[in-house]
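The two complexes that follow have chain A in common; it is paired with chain B in the first and with chain C in the second.
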Partner chain A sequence: MVSLNTTNQNSLLIRIKIKISRLLLQPSFIIGLILVIILTYLVIAPIISIFSNSVSLTMMDAMLSGGKDGAFTYKYIDRVFTSSISEKIFWTPLKNSITVSFFATLIALALGLILASLVTSTNIFGRRYLGFLLIIPYMLPSQAMATAWLTMFKNRKISGPPGMLESFGFTPPDWLAYGPLPISICMALSYFPFAFLLFSSALSKIDIQLEEVASTLGAKTKTIWTKIILPLLIPTTMSVLLLTVARTLGTFATPYILGTPAKYTLLSTSLYSSVRSNESGVVAVLAIVLSLIGVMLLLVDIWVVRKWQRFITVGGKGIKRQPSKLGLFRTPTTIFAWLIFLLAALGPFVVLALSTLMREPGNFSFSNFGLAYWTGVNVPGMDQPGMFTSPEVLTALKNSFLIAGSASIICGVLGLLIGYAVVRLPGTLISGFLRQISFLPYLMPGLAFAAAYLSLFAVARGPIPALYGSISLLILVMVVTYLPYASRSGISAMMQVGPEPEEAGMVLGAGFWRRIVSILAPLQKSALVIAIILPFITGMKELSLVVMLVTPGTELLTTQSIRFLDFGYTQLANATILIIGVVVMISVLILNRVTKTNLASGLGG
Partner chain B sequence: MSEIKLNSLIKNFGGNSLAVDNLSVTFPSGEFVCLLGPSGCGKTTTLRMIAGLERPDSGEIFCGDQTYFSSNTGEYLKTEKRNLGLMFQSYALWPHMTVFQNIVFGLDMKNVSSSEKDKRFEELEKLFQLKNLKNRYPSELSGGQQQRVALARMLAVNPNLLLLDEPLSNLDSNLRLEMRAELKRLHQTLGCTIVFVTHDQMEAMTLATSIAVMNKGIIEQLAKPMEIYKNPKSLFVAKFVGSPQMNIVDFNDGEQLASSLLNKTKFDKIDVKTLGIRPESIKLTSKDNGDINGTIETIQPTGADWIVGLNILGKSIFAISSDQPPGNENDIIGLSFKLDGLHAFDRNDHKLEAD
Partner chain C sequence: MTRKKIISLITSFFFGLTLLLQPVVSFAMTLDELIAAAQKEGEVNTYWHSSRMGKKVAAAFEAKYGIKVNATKMKDSEMTERIVREVTSGNVIVDLVGYDDGPFLDTVLTPKGMVENYVPPYVAKDIPADSSKPLIYLWQPFVIGYNSETYGNSCPIKSLWQLTEKDWAGRFHMWDPRIASSMIQMFSAMEDRSDELAASYKKHYGKDLKVTEANAGLEFVKRLAKNNPVLYNEDYEIAVAVGTKGQSKAPIGIYSLGRHRENAKKNLALALCEVDPFKGLNQPTYMQIVKGSPHPNAARLLAYYVLTQEGANPWVGVVGAYSSNSSLGSSPDNPYPTAESWKGTLLVSNNTNVANRRADLMDFWIKHSN
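The block that comes next holds the complex of A and B.
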């Protein structure tokens, strides 16, 4: 008996020794473990914090009503869903959000499908350029469209310089200037490029042989489209639908700029005003509702994709569809496509640019043009410095570069590290956990996530100081929000390279660091550059995520443009947006250089 | 020169069955061993465990007097320290390094002086006909050149043991023939132990000095190539090696043929479940002159010989004839069976031995 026991103990000890030595010998395991600890805090903690905030009494309410600070309460849930103000803070915004999302998505979907079909499959004029030009709205910050609209259609209802149409003597009615109609149109024009990209890519992936078979069986082009191509696009359509709805629900800038003057509130703006009035309990409840809607849409999308899997066509010889001849329709369709480009990309840009160059809106005489709003010399009608001399603009510019820059570098490196750990530890708990957790922020709209961060980092907790009001908080929240994209591209980059190059080095005697330096890093160079520039572009345009976290001194270009707008300095707001646009365009050009493809095919492929 | 010894190796990837199931085998020093089997039979896993890229769940691996792995003592020698050569199916040449950089990488790891590196490179350059390719990148090489660079990279450090993972499967058929000869010559000059993995039985037959046929994580038979072919120990081995496949028949499916074959052997019907006959052991004669009659279904001339599809009362089989078949499609001819290619298998699919 005794000897049996000792052997048992021995083998147990040996087994533990083997297990530990096995794990410690794997650098991917150590990296993975560190990542798990960091991400748990950065992703899970805010979510827990927001759930607890939704049901615990704030200090303010505790003092007012005599409860205990942090006590359990249904107060905020009641306030949002059943109280007398619930109509104002939740039910009406919900109704409005649904209305706007419905119309915006419908228009975006239709535009995307029609334009993608025209560009990929017909001989309209300039189809080669349209493929790139039509995705420009995607690169503009979301408030560009809204401020351009405002610059054009604004009436006397709100302060600041008059709109262009008003200066021409035509006063736009309120329904055209503010509220659901302009919000829907602006959102649709901002988001249709997304539909356009997905449809283009789906169309180019359909195996041309499926269509050729139909035509050998006697089908005409029209029949091929209605019986074969369009049915095959059903899964893409569903995806576009759900993801566009999710995007419109999370958008803050458009409803803030075009809805506020008409007191037309959406869920996103309602959440924002609750933040401004310091109602952290209500904020938490609203953020949870927004996230739940996001989760629901995503689950439906996953379900749809799975259900329609049989529609995914495999193979094909990569032969391009012959562009079909449009005949008589060639000119009208060409005009239509270019008109959309004009409305969604060129128009807003020109309107914004003109507004900053004209001393008085709508006066096209030569003497009215000048650089006053940029240089700050003789700025008409306000005691504001110009773009180049304003300390606020300079701070915001610096902050934008600092925040988006650091966030994107951290994000890119973190993404590749996650990719490394996930791909090298297949089938382990760590790999699965990292994959899931880095995807989690994708489910929450930026506003909700920011609210969660606000509640977590407003006060010091343990060793982590209160970060509210600091640049680091903004960097942190950006890193975590973009993590889903970064980790996904990191995982796919690592998958693409595969384990063999590293294993080949291992066999020849290269240790871990040597393998990283001589083999992995050079192989992932371009993946890393892309993984940094893409979040940088998004970060430069980011508004909804940061708008409730900035404080004076940590303003970004995007939030600064909103401040300018709040004060009625339309021209300065427009100039700020133009700067963002230019920075983004330059980044896109650099990206094209690096990847040696254009963004259209990059995002579409 | 070292022998490879695997002892009770077990590896589980979490599926329903083990990837490698209690494998114990010794590959003698200097052999050119082939692990042959269908995909998913555990052959690549076994190779990767020898290389140290995969860790066994339990068991032992020895190479000569070195312990590579032992779950009894907890010993584990890192891949980097095993001094072996491994060639991947994809070659895994580093795309960002030139031919020279790729080949001397292993020497760099050993801090070899640069004059010695150049000397070694020149030797390999000559051996593998890599003249003028020194500064090219892998993407600028043809498939055959890439393969030779991969071989040179592996051999640059004089490894004790060479491991090849489906080394020829990415080559076209002409080049494959050439590289087979190359590998065979290499084995003769180096004399070191080589373990290679393939699912191509032709490759295994032509290259190896001994073949281990694997199925579902175990080795069904380890023997010299001709022994494997002539004397398959199990139904699986009989079916897997040989092209066209051995004709397999049992009493439910082709009763007539099975009985006729059984009559040729000395076995009892009670012991026999399945019978197999190699296509080349079926001799074609005129009607009623053989052991049984059959109808010709198809004739495929290959140039060297004829592959004849036959039907015997509903059961289709193939025969290989080095003479012109004694009839055309739909003609009835006679078949006689030669004993050397005739095998009988029991209820457990083991070969029945005549005693």
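The block that comes next holds the complex of A and C.
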């Protein structure tokens, strides 16, 4: 009896042992487990710290009021929602954010849909080039559009030097220069490439036979569009809608530049003011509100995708839609499409470039043009080397490449590893957890995330030394923030590779690393490139995430452009933005060349 | 035996004494010793209120001593955040700060030992007592200024109260009080000198001021906030907004007097407003070594350097600032030769009053601005 019991116990123990050792033999399990531990720390910890910051007395307030640092308090929640200044720091900004997001999304959606239809399904002139040219606005840092707008439309009601239009004799009215209208337009022009890309890829996936059947049955082009194509685009439309709304809510540079002079505050700028005035409790509360809006949008997205799934058609491949002939409309539609390109992509570039070439703003005489701000020779009113000779620009360029580069490589590899673990451990807790947690940072506003990182990693914690002031902190925060892009593309790429090739390798005696290097890596080359280049592009343009974390010596191009603005060197700031734009554009060209795909596959609908 | 004991007692007494005296001894380093110690450290990091630390002083200091100065210009709210964060985390990056937030320094940083007040002994005799604890290195007037091309030789307003009139709605340019503590310091000083504000109102309008708030200072702040002033993060932007030539309705602004030095270089037309009762604020900038600084000797040497004529010149050699070192001259372009000669026309805040009132003043401002 007794001995039997022991054997039972023993066999149970042995079985568990066998199970564990089997799991341990399975690399996907070990990788999954390690990833769970790392991500829990890097993603969950900052989120918890934001929540706890919202209800604990900050160090500053404790010092000023004599309370205890970290004591529980409703003070900040009260301050944001019910105090005498809640109207100013929360309710009005909320209202403004909703207004701006609504109009920006509407314009972006319409532009994206119209342009995608024109480029994918009609014979407008230059459609091959437009496919690339129309996504250029996405490659410019978000302050580019706003700065260019201001350079152009600035009026002197607010005073200072004239805008370009004003120096030509036309004074733009206030509503055109500052506030909700320009913010909505600039955001729409910055974000319509998302809509354009997603609609383009959706349109090219629609089964051509549906249209052929309809037209055989005598349906007119108009009927085909309204009864077949547009309804099929509804899920994409919802995705675009939610993506754009989420983006516009989180954008900080545009409302900061165009809203501040008119005191038009959005939630993101209110958050920034609170950051700048060291109110970390208020920052936490506002960040939570913004994230909750993000979560809500995500839930709606999931619901819509599920509801409309049945409308997604899988069609025969290989047949490309014949571009429909536009006839009389060919010229006007071509003009429209190229006009949007001019306004959204070329416009900001030209305006910013012009501003760096003019010695005195607003003076269009020939003698006023020159390369002074670039070469640093004979620069008017500036004791500062030019772009080509400035050590600061060089350092910032180096840092940007180093930080965005390492972050994106780490991010890409992590993304694939997450994909590997998620796909190879289907139905396990680890898989579900990794999938969800790697997407969480997408919902947090960058500023809030940065604030959390600052408070978490300023001190040494456990094995991790104090990272404040080091570039590792900047790399770390970028890796975590861009993980959603990388893990999404990693998961979807791994989905497409069955376990068979790997099993074959195993049979032939290939070890884990050998399988990775010789089987998986070649198969996933293009996915890896996308998972690296997308975070790289975003990292090169990043401002809000890093603006609080840089210290002397770790400046990035984006923060250096802000420092130049602080010193009043507008031209140098604009030149820095231009450099970022060019670097990003070259990266995208490389992406196109290497993967023979466009950005759409990475942004994923 | 006893002799041995006595000897060892005496030795240990002296040993202890030297230990005790250690800091004093290091304070009493000769300048040459300090230079040598600083050069051993090789570099020094600063957060500074003014870009001239990075643009001018850094190069001159490096040329003279071979010590590299890494200077970052920073608003005081960010500086506060960074100092506190660095000191509490033990990961101190900055050595020396040029810091405008006197109230926070007096009520938090100094009492908590987060900064070290170092008055360079080589210039100590020329620094007045009221500027040495904590050490003020520079007095910078922030003045009300106007555009002399648009309005000619006299300021378009005579009394500060005109800034609250409809005519000047949206046409007064100032720093964002949420970011620059100077504005809160100014509001607090206005509370302190409410009577003069009320008197100025009566003098200008010929009737008594109707005070609906606790005092005339607050009344002014409220009316100013409601009159839609334009807010900036940067002093430079205010100066450009006010001083750019070719404006028909140029605004009025408050900015640092030092901007007047750029009139020629940047083609601006800035001029001082002789307005009643205050022409602006006299902002003291404090210089402190941060506790646990990685290059303390280089920081001390730099602190000394900016209190010498050569090191102070980027500020005091041009219009707009006065060194606390009374032996140094100031630029002849200044409207007044010394900080004292402005008499009472510049507001000077009381650090304790500001510290007590700042949260309320800030909320008061946010509540009333539109």
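The rule is short, and it goes like this: the second predicted complex is superposed on the first by the 542 of 605 C-alpha atoms of A that agree within 3 Å, B and C clash if a C-alpha of one lies under 4 Å from a C-alpha of the other, contacts with A are read in each partner's own complex, and residues count from 1 in each chain.
Going forward, contacts are C-beta pairs under 8 Å (C-beta built on N, C-alpha and C of every residue); 3 or more make two chains touch, one makes a residue touch a chain.
Given the structure is predicted, the values throughout are model-derived calculations rather than measurements.
Trainee: For A:Pro535 in the superposed arrangement: first (chain B), second (chain C), both or neither?
Mentor: In the superposition, A:Pro535 touches no partner, neither chain B nor chain C.
Trainee: Which partner does A:Pro552 contact after superposing on A: first (chain B), second (chain C), both, neither?
Mentor: Touch status of A:Pro552: second partner only.
Trainee: Kindly classify A:Pro193 by the partners it touches after superposition: chain B alone (first), chain C alone (second), both, or neither?
Mentor: Neither partner.
Trainee: For A:Gly419, using the defined touch cut-off, is the partner it touches chain B, chain C, both, or neither? Pick first, second, both or neither.
Mentor: Touch status of A:Gly419: no partner.
Trainee: Between chain B (first) and chain C (second), which, if any, makes contact with A:Gly490: first, second, both or neither?
Mentor: neither
Trainee: Touch test for A:Gly427: chain B only (first), chain C only (second), both, or neither?
Mentor: In the superposed model, A:Gly427 contacts chain B only, not chain C.
Trainee: Looking at the overlay, what does A:Gly505 touch: chain B (first), chain C (second), both, or neither?
Mentor: first
Trainee: Decide which partner touches more residues of chain A, taking chain B and chain C as the two options.
Mentor: C
Trainee: Indicate the residue numbers of chain A shared between its chain B interface and its chain C interface, in ascending order.
Mentor: none
Trainee: What residues on chain C touch chain A, complex-wise?
Mentor: Interface residues on chain C, with respect to chain A: 45, 51, 55-56, 70-73, 75, 77-78, 80-81, 84-86, 88-91, 93, 107-108, 112, 170-171, 173, 176, 178-179, 228, 230-231, 233-234, 236-237, 240-242, 244, 246-247, 249-251, 262, 265-267, 355, 358-359, 362-363, 366-367, 369-370.
Trainee: In their complex, what parts of chain B are in touch with chain A?
Mentor: Going by the criterion above, the answer is residues 13-14, 51-53, 55, 71-74, 76, 78-86, 88, 90, 92-96, 105-106, 109-110, 153-154, 157.
Trainee: Which residues of chain A touch chain C once you look at their complex with the stated criterion?
Mentor: Against chain C, chain A makes touches at 59-60, 63-64, 83-85, 88-89, 156-162, 260-261, 263, 273, 276-278, 360, 380-381, 383-384, 454, 458-460, 466, 468-469, 551-553, 563, 565-568.
Trainee: Applying the document's contact rule, which stretches of chain A touch chain B when the two form their complex?
Mentor: Counting only chain A, the residues touching chain B are 14-15, 17-18, 21-22, 25, 427, 498-501, 503-511, 514, 518-519, 522-523.
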